[in-house]
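Look for chain A in each of the two complexes below; its partner is chain B in the first and chain C in the second.
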Partner chain A sequence: MTFIDIIGSTLLGATVIVAIMGLNLLLSDSSRQVGSDLNVQENTVEFTKSIQWDFAKIGYRDTTGAPILVAKQDSVVFLGDIDNSGSVDTVRYYKGLPEELTWTPNPNDFLLMKEVGNASQTMQMNIGLTKFQLTYFDSTGGVTADPKLVRGLKIAAVVQSPYATVDSVYSGAYWENTIYPRNLNVSK
Partner chain B sequence: MSARVQYILILGAMMLLSQLALSVSGFILGMQDLSYDNEANLAATSLAQSVLREVAAKNFDELTINKKVVSTDSLTTVASLGPDLGETYPAFDDLDDFNGHTRTIATDRLGDFTVNVTVNYTTSALLGAPSGTRTFLKAAIVTIYGNPYLAQNQNVVMNTIVSY
Partner chain C sequence: MGSQAMILLVGTLAVVALFVSGLTKAGNDMVDNSSLAYGENMAKEINTAAMDIAMRTLADSTTWRAPLSNLQLSGGSATVTFKDTLLGADTAVVVRSIVTFISGIDTSYAATQAIVKSPADGFVPPVVHGTMTSFGPIDDIISDMTIDGRNWKDPTTLSPQAGIFAVSTSEATYINTQNAPLGATTYTTNPATDIAPTFPEDPLVVETNATWPNGPPSTPDAALGYPEGTLKNIAINKLIPGSQYVTKYADLVFPLRGVTYIEVANGTWWRKGNVDGVTLDPTGKPMEPRIGPKPEGILVFHSPATDALWETMQAKPVKDPFKGLIIADKMFHVHLDILGGIVMLSPNTVQGRTCNGNNGHWMKFSSEILEKVTQASTHTSDASWKTRVKVLSWYE
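Then we have the complex of A and B:
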C-alpha cells in the first residue's frame, strides 16, 4: 500500500463520516421541527375547543337582551351561562402582555386571560398565543364596535412554539373562526 | 485485490451513500410537506366551519323573513336560489343568497384560501343531495380550495342541513 493510498482512503473515510454526520443532524433537526409543529397544532386545537364552547354560549339564559358588555379588538366581556349551572356568568376574555409571559424564550407570546365572575377567578391560558384578535359583526354582516349590535364575532389567532427550532424559527399555526351565538339572534 | 476492483468498490459505496442521502432528504421533505398540509387543513377546516355558521345563521328563505310560510310553494323557487336583486355580500339576508358565492379569505401564515358555497333544497332521504323541488330543508356545502399548502387536488368540503 502506497502513501498516497493511505492519504486517499483517509480523506475518503473522513468525507463519508462528515456526510453521515450531516445527514444525522438534518434528520434530528427535521424531527425536532415536525414534533414542534405537531405540538403547536395540537395546542391550537385544544384552544379552539375551549373558545368555541364558551363563545357559543354568549347570551345563554341572559334576560337583559344585551349580553355583550364590552366588544374590543383584544377583549370581550359577555353574559352567558357557560357552565349550564342555571345562573348567568359574566365572562371576560382578554389578552395579556408579552412581558407577563417571561418564562418562555419566545418574545411574542402572551397569556390569554379568562375571568368568570370576578377577577379572583382568573384563568391564565398559556398556549403560545402570539395573536388574538376579535372582530364583531352586526345583523347585516358589517363590522361593528357597538356591543349592542353584535350578532357574530370572529376570533383570529396565531399560536407559536415557546422555543425556536431550526434557524431560530418558531413553529406556528393560524386559526380563525366566526361564531354566531344562537342567543344573539343573527337573522333578526 | 487489484486497483480496478478497489475503484469499483469505492464507486459502489459512494453510490449507496448517495442513495441513502437522497432517501433521507426525501423523507425529510415529505415530513415537512405533511406538517404544512396539517396546518393548512386546520386553517381550511376552521374557515369552512366559519362560513357554514355564517350561512346557517341567516333566515331560511327570503320569503320567510317577514312572514310565516306553511307551504313549500311559497318558498323561493329552485331556479332562483342565489342572491336576490341588489343583494351583495356581506349583506345577505337569507341562506340561499350564498348559493354560488365565492370569495378569497386571507390568512396570516398560509396566504389565501378560496371559499365556494352551494345551497340547494334537499330532503331527509337525499341527505344533502339536491332536490328538484322546494322543501323545508336546505343544504349548504362549503368547499375550501386554492391554497398551495393543501395537498395537491385536495379540497376541504363541509356541509350542513338547515331546516325552516
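Then we have the complex of A and C:
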C-alpha cells in the first residue's frame, strides 16, 4: 500500500462519510418538514370541522330571534343547541393572546378559546392559530357589526406549526369559509 | 477495511430506510387526511343538494311524503324522508336526509334534520283592524248582523285572546244604528280579554279614528301591502288555482277560489234588480249578485276611482259562509256569513239608508283563514323553495 493509496482512501472515506452525513441531514430536514406539514394539515382539518359543526348550529332551537349576542372581529357569542340536547347553549369563541401560549417556539400562535355555557367550561384549542378573524354579513350581503342583523359570517384563519423548520420557516395553511347558518335565516 | 465499509454502508442504508419509511408514512397520512376531509366535504355538499331537492319537492307539492331513496348525486348516495309532526299547535314536516360518500377506503356520512312548514306563512294584513274595516262611516252599513272580532278557527272554535276589533273606521264617531251585536278581543287588559258580542256593545270592541301612516290604502294591492298589480296578475294568470279576473258579473265562475278580481267601471253599482244592466235572472226573478256555493279566497271588487258598490251580496240558495277576505270599494246589505274579514276602501260609504233584516247572519274574524288565503298569494311567482317553505329549525 503506497502513500497515495492511503491518501486516496482517506479522501474517499471522508467523502463517503460527508455524503452520508449530508444525506442524513437532508432526510432529517425532510422528515421534519413533512411531519410539520402533516401536523398543520391535521390541525387545520380538526379546526375547520369544529368551526363548521358549531357555527352551523347558530340559532338552532333559539326562540329569541336574535341568536348572535356578540359579533366582533376576534370573538363571537351565539345561542344554539350545538349538541342537539334539547336545550339551547350559549357558545363563545374568542382568540387568546400570543403571550398565553408560551410553550411553543412560534411567537405568533395563540389559543382559540371555546366556552359553552359559562367560563368554567372553557376549551382551549391549541392548534397553532396565528390568525382568527371574523367578518359578519347582513341579509343584503353587506358587512355589518350589528349582531341582530347578522345572517352570515366569514372565518379567515391561518394555522402554523409550533416549531420552525430548518430555514426558520413555519409550516402554514390559510383557510377561509363563509357560513350562512340556516337557523339564522329563518323567521321566528 | 472492507468489513468496516460494509458496516458503514449497512448502517447508512438502515438510516435511509428508516427516514424513507417515516416520510412515506407521513405522506400516506397526509393523503389519507386529505382524502377523508375531501370525502366529508363531498358528503356535506351532496347533503345540501339532497335537501335542496327535497325542499323544492315539498314546495311544489305540499302533500309530498314519499321518500326520495338512493338519489345518486356527485358520486354519493342520498335518501330523504318526510314525516308529519306536531310542533306545539302547528303541524309541520320533518325532513331527514342521510348521505353516504365513498372516497377510496373511507366512507363519509352527512345528515340533516329540518322541521319545516309548508307552504310559507300567510299573514293577517295590517289593514285588517276590525272584522269589518272601513275608511268611511259604517253607522248604516253593518246592519243588525253579529260582528265578532274574536279569533275563530272555524265558525264554532274560538282561538282565545287573539282577536281584533269588531269594526274599525277612520271616522271620528260610530253609532250602531241597527243594534248589531258586536264582540272583539281587547288588549287594554293583560292578558287580553275576549268580549262576546252584545248590544249595546262594549266601547272597547269598536275602533274609531283609525290612523294609517301613509293614509288609508286606496287599492286592493295597497291594502295587502303588495306591489301594485300583484292581485290582478294572480287572477289573470291563475297563479293560484281557481283564480279569475272578470269585468262583469256574468263572467264569474263558481265556486270562488284563489283570487277573484272583479274590476268594474267607475260608478258601477251592483244591486238586486240591476247587475250590469241585467234586471231579471233566467227564472224571471229580480237579478241578484250572488257569490255561489262554498266561496273562498280573496274577493276583490274595485273600480279605478274606488267607488264601485256591491249591494245585496248573497250566498243564496246555499247559505255557505264566505271564507276569506273581501276587499271592496263599498258594500251594503251584506247578506251572508263571513269567516275572515271585510275591508272597504272608499271613504264615501253608503249612509242614510236602512239595512236591517240581517240578524241571522254573522261575520267572524279568523286569522287562520286570512293566513291561509294570503299565504298562497304571497309567493306565487317565486321559483325558489326558500320563500314557499318556512324552515322552523335546521340541524346538520
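The rule is short, and it goes like this: the second predicted complex is superposed on the first by the 184 of 188 C-alpha atoms of A that agree within 3 Å, B and C clash if a C-alpha of one lies under 4 Å from a C-alpha of the other, contacts with A are read in each partner's own complex, and residues count from 1 in each chain.
One rule holds in what follows: a contact is a pair of C-beta atoms (placed from the backbone, for glycine too) under 8 Å apart; a residue touches a chain by one contact, two chains touch by 3 or more.
In this text, all values refer to a predicted model and were calculated from it rather than measured experimentally.
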Original post:
Is A:27 in contact with chain B, with chain C, with both, or with neither (first, second, both, neither)?
Top reply: both
Subject >> Per-residue touch tally on chain A - higher for chain B or for chain C >> reply: B
**OP:** Tell me which partner A:49 touches in the superposition: chain B (first), chain C (second), both or neither.
**Re:** second
Original post:
Can A:158 be said to touch chain B (first), chain C (second), both, or neither?
Top reply: first
Subject >> Partner chain(s) touched by A:38 [first = chain B, second = chain C, both, neither] >> reply: both
**OP:** Quick one: classify A:57 as touching chain B (first), chain C (second), both or neither.
**Re:** second
**OP:** In the overlay, answer first, second, both or neither for which of chain B and chain C A:84 touches.
**Re:** second
Subject >> Set intersection of chain A contacts, chain C complex versus chain B complex >> reply: 16, 20, 23, 27, 30-31, 34, 37-38, 41, 45, 48, 186-187
Original post:
Which of the residues in chain A end up touching chain B in this complex?
Top reply: 12, 16, 19-20, 23, 26-27, 30-31, 33-34, 37-38, 41, 44-45, 48, 131, 137, 140-142, 151-152, 154, 156, 158, 172-180, 186-187
Subject >> Contact set on chain A toward chain C in their complex >> reply: 9, 16-17, 20, 23-24, 27-28, 30-31, 34-35, 37-38, 41-42, 45, 48-49, 56-57, 60-61, 81, 84, 182-183, 185-187
**OP:** Can you check the complex and tell me which residues of chain B touch chain A?
**Re:** 10, 13, 17, 20-21, 24-25, 27-28, 31-32, 34-35, 38-39, 42-43, 46-47, 49-51, 53-54, 56-59, 65, 89-93, 107-110
Subject >> Parts of chain C lying in touch with chain A, wherever the complex brings them together >> reply: 1, 5, 8, 12, 15-16, 19-20, 22-23, 26-27, 29-30, 33-34, 36-37, 40, 114, 121, 390-396
